[in-house]
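The following blocks contain the structures, represented as structure tokens.
Two complexes follow with chain A in common, the first pairing it with chain B and the second with chain C.
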Partner chain A sequence: MTPGPARFLVLVAAIPAAIVVVGGLGFTVAQSLGLLPLVGPARLSVDAYTGVASELPSSIAVSVGIAVASTTLAVLVGGTAAVLIVAGGRLARVLIGLGAATVTVPHLIGAAAIGLLLADSGLLARTFQVPPTDWPSLVGGPWWVAVILEYAWKEAAFVALVVAGTLTTRVARFDETAAVLGANRATRLRLVLLPLAAPSVILTGAITFIYTLGSYEVAWLLGRTYPEPLSVMAVRLYGEVSLTTRPEAAAVAVVIVTLSTLVAAAAFTLLRRSAVWR
Partner chain B sequence: MSVSLRSVPPPASAPRSPVRLQGDPGRPLTTSRGMSRMARQGLALLLIVWFALPLVPLVLWGLAEQWSFPARLPTEWGLGGVSSALAAGGAEAFARSLTLGLTVATIATPLGAVAARGLVNGWAPMPRTLTALLFSPLLIPAFVAALGTNILLLRAHVPPVMGLVLVLVAMAVPYTAFVLRTAYAAHDVGYEEEARTLGASRRRVLWQVHIPLLTPALARAAFLAFLVGWSDYIVTVFVGGGQVVTLPLVTASAASGVGNDAVVAVLSLAAILPPVVLLAVLANSRWRTEGAV
Partner chain C sequence: MTTAITLQAVSKEFKRHPVPALRGIDLDILPGTRTALLGPSGSGKSTILRIIAGLEDPSGGQVLIDGRDVTGVLPERRGVGMVFQRSLLFPHLSVLDNVAFPLRAAGASRRAARAAAVPYLDLVQLPDYADRNVASLSGGQQQRVAIARTLAARPTVLLLDEPFSALDPDLRADMHGLLAELRTELPPTIVMVTHDRDEAAAVADRIAVVESGVVLQHDTVERIYSRPSCQAVARLMGGRNAVLGVVSGAVHSSDLGQVAVPESAPEGPGVLVVRHESVQLLGRGAAAAHPGEVYTGTVAQVTRNGARRSVTLSRGNAAIEADVPPGVDVSEGSTVVFSFVDGAPSVVPIEAHAAPGQS
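For the complex of A and B:
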């Protein structure tokens, strides 16, 4: 293929992303600023932002709290799994298989499964023979336990596979060399494994955080209605019939994108500082 | 300088000496042993339980005809959940999800290939901007993309189904482009040049040399793109405008109600199995030497 038509085809590949990102984001920002009213003249205003201002702090707190807890758990569990996978053996192969299967499960299906496991009439309550009145409210409770565990479960598998993938290609030689030079297990973990894993941990952690922050269905299915996470609030506002709520939904969406961009920028800065990032 | 073409037989491997030098543990230093080995295996078992546990209630409920509360196992086994799931439109939703996943994969894989090839070979105009644009859908939450694009598509009078495919393709291209960029970076155009020299047409080189060489990567990319369409919930709700009722939508409506546990389990299993089967096929196919999925 000559560069001429190939150059044109490359641009064709970017059309969907251009429509969705530039168009979608542009229309969201425009609508949040009152420039795309359903009826009446367009007028630049921040009414949509002031309209949701009273609910925003608690929603941001809930969303960021869920994202921080899920990401921390996912990185800890997934990182541990990656170290065990790299060590090899029969159990490591089982872990790889289970991890790969978990990654393919849709989040909504994961939420349904976690619900059947953790609800007051769920499998765990039945296994331990706890009556519903004594069972902690994990689903729809004040601490968002089921929501956090669903994200942590799915994303831990993702973290494990990516981190193990980057470690297997590079760690063996360094690890052996350090062992020959007399480094014990803890020292090798601290000075060889963790620095080598750092870039992929930062990357997968940031992806998990951003995904969790903007995801809707898990928090909607397993969470409670007040205070609402940002995404649940935006979807509810979008679905309401009143004319003022659509710009408000767009305003909440803009807040989520701003937070995601900040996290992505922070992750990128961290990546560039980590020693082995090329 | 003379070059010897005579092949040198490999040296016969010396029999392993049973005599150990002082301080030689007799196994690689990095292999764990004793307490450390037990701790490692215990931890691995715990993690296996962590990953497998959420799937257990799905299997049990899927095979339960009746399961009254305090009982640890179903009180009556059976396939009642399957018939209820079929009555809830499970089969039609399954077919729609399959079609959606395959459509997204069919469009996003060649688009990803074209983008990856252009970026690797340096044909792409403004490569940095293009890369940023191609990967930017990953940064934007699905529902934000759906919400904004929905307004745009409605104003442009694009049919909901086309809009749905467009948004999902945009969300899948980052994955296909990423997988295929790695593949193209390692791809040797020498084979294609040789085939051209031997008189093959461009079309023939594409179908008989280029695509076969990239099949493993294309399969992995298509699998990831399929997953984007297969798993989606919120874009289908928003942009699909209620016209495309997929498996996640049917599962969501069953799961948000009360007392549908068996139906939810059957629908969930139906949503989990196809990707896992595809994954197993990919992992065990003749391409596996190229690396696991």
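For the complex of A and C:
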């Protein structure tokens, strides 16, 4: 294909994406700064930010906490599964099947299933015949266990499939090379497999973190009502009867975008430092 | 220390491939030899190498290294080094760290491994590239580093799987020179896979010709060229002449005439094979001077290949191809006198299906 038509096709895809991202982000920032009021005159102010300032620290803490815990679990479980998939054999086929089945389940359905499984009157409590009063507060409890597990379960499958896909295309020959150079399985894992997997692990980890930070359904369904994660707070404020809270919802959304941007920047910094990326 | 490799009735079948890759191969690679496994693509030569290295398990048979059965032994425990067609340098490691890899795998600290790796980098004449990223090296430099890395593992056997086939001719010649220079540093037993007979002759002292999962002949380079065991070997080694005839009393008779062949040639129908380099075009007076040792033929075709020319000579149903020396004038339709270099002709059995173009 000549450069002209190729550029045109790229533009066809890029222009709508740019309009949505830049336009949507600009609209949100403008609304959070009082420049696009639903009623009354436009006036530059940080009132929306000061309006949610008292709740922001606890919301940021719980959102980041959930994202860190979920991402850590997802990367550990998904990364291990990826290594097992690359090793091949029957277990690899089972893991690929499980991963493929898991990523197709919507988070909302997953959250409902986790709730039915982990609640004090859920399947596990009934199976083990534990009275609700003795069952730990996994759903709606102080440690957001059900929320973290739901995200970790779903995102571990995503991490496993992406990392395994990256590794299988390039690692097999390097693994053979390391073996004939005298490296045993553990050494190959430490000196070859993990360093080569690092870029895809960093990328999938960053995607998982940003997704977890920005999505609200799971925390809304399985979490407690206070402190609210940022995403839940933003949706609640946006949907309130009083239209004057919309700038505050936009302000919370801007905070989420800022945190996500920081994480993305950190991920790309790590990637640039990784030898494989260079 | 020299190391022998023995393959006993080794076979290999891949799943979902109806045709076996190897069919009961027996091969004795003598200690201290440099053996080239030569054959066309898909002949099974790389599979043999991978089975020796332990990267593939044979479907049947045994692999012995120095008399020890290593069938089923993990690659890292065989003491075998291997250089692949692609250099496969680890992209996350510098040049020096790549060479130091086998030493680190053996348990050395990073500092000690790096210090021990430096001499190997010197061996391949890349001492100034230690800190370079491997992606910044040329193809030839990458293969040099791959060789240094393999040598650093101190293998008892070195396996080379078409290591220079991706390089241009000049670089390939450089690498052959490097192997010759490293002769004292290389492990004494080397097995190299190639489909290039010139490379096989340049690097190896013995050649095993492989086709369709079978070793057709394993012998010295000289004998593989001069005494092929069958038409397939002669063809794979670049032989262009095959003349059907009958052997009686160490003489092959055909439309070409009576040609002296080795005493060992079996009586009865057989194919005379003689390399085109061993056919000498003679002056017009030669027939009278050497009756019985010279032959006449009509020039059927003159072919130019760069600066060289070859000529196809026909006589009856027989045809012989010969190189034309510089300065000799030949033209199509003319009659020329030729002879064979002493001892060059030999006889091989008739193939069940003679290849097209062979008389």
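Following the convention adopted for this analysis, the second predicted complex is superposed on the first by the 262 of 278 C-alpha atoms of A that agree within 3 Å, B and C clash if a C-alpha of one lies under 4 Å from a C-alpha of the other, contacts with A are read in each partner's own complex, and residues count from 1 in each chain.
Rule of thumb we're sticking to: a residue touches a chain if its C-beta (ideal position, glycine included) is under 8 Å from a C-beta of that chain, and two chains touch if they have at least 3 such contacts.
If you're wondering where the values come from, they're calculated on a predicted model, not measured in any experiment.
Of the two partner chains, neither chain B nor chain C is touched by A:242.
Comparing chain C and chain B on the residues of chain A they touch gives the larger count to B.
Touch criterion met: A:213 reaches chain B, while chain C stays clear of it. Once the two complexes are laid over each other on the shared chain, residue contacts for A:54 go to neither chain B nor chain C. In the superposition on chain A, A:196 makes contact with chain C only, while chain B stays out of contact range.
In the superposition on chain A, A:179 contacts both chain B and chain C.
Across the superposed pair, chain B and chain C both touch chain A at residues 176, 179-180. Every residue of chain B that touches chain A in the complex is listed here, in rising order: 28-30, 32, 36, 40-41, 43-45, 47-48, 50-58, 60-61, 69-72, 111-112, 114-115, 117-119, 121, 123-125, 130, 133-134, 136-149, 151-152, 166-167, 169-171, 173-174, 177, 202, 227, 230-234, 238, 248, 251-252, 255-256, 261, 264-265, 267-268, 271-272, 275-276, 279, 283, 292-293. Residues 1, 3, 6-7, 9-14, 16-28, 31, 36, 77, 80-81, 84, 87, 89, 91-92, 94-96, 98-102, 104-117, 121-123, 126-127, 129, 131-132, 153, 156-157, 172, 175-176, 179-180, 185, 188, 207, 210-211, 213-217, 221, 231, 234-235, 238, 249-250, 253, 256-257, 260-261, 264 of chain A touch chain B in their complex.
Here chain A touches chain C in the complex through residues 173-174, 176-184, 187, 191-192, 195-196, 198, 274-276, 278, going by the rule given at the top.
Contact residues of chain C toward chain A in the complex are 53-55, 74-76, 80-82, 84, 86, 88, 90-93, 101-102, 104-106, 133, 135, 149-150, 153, 159.
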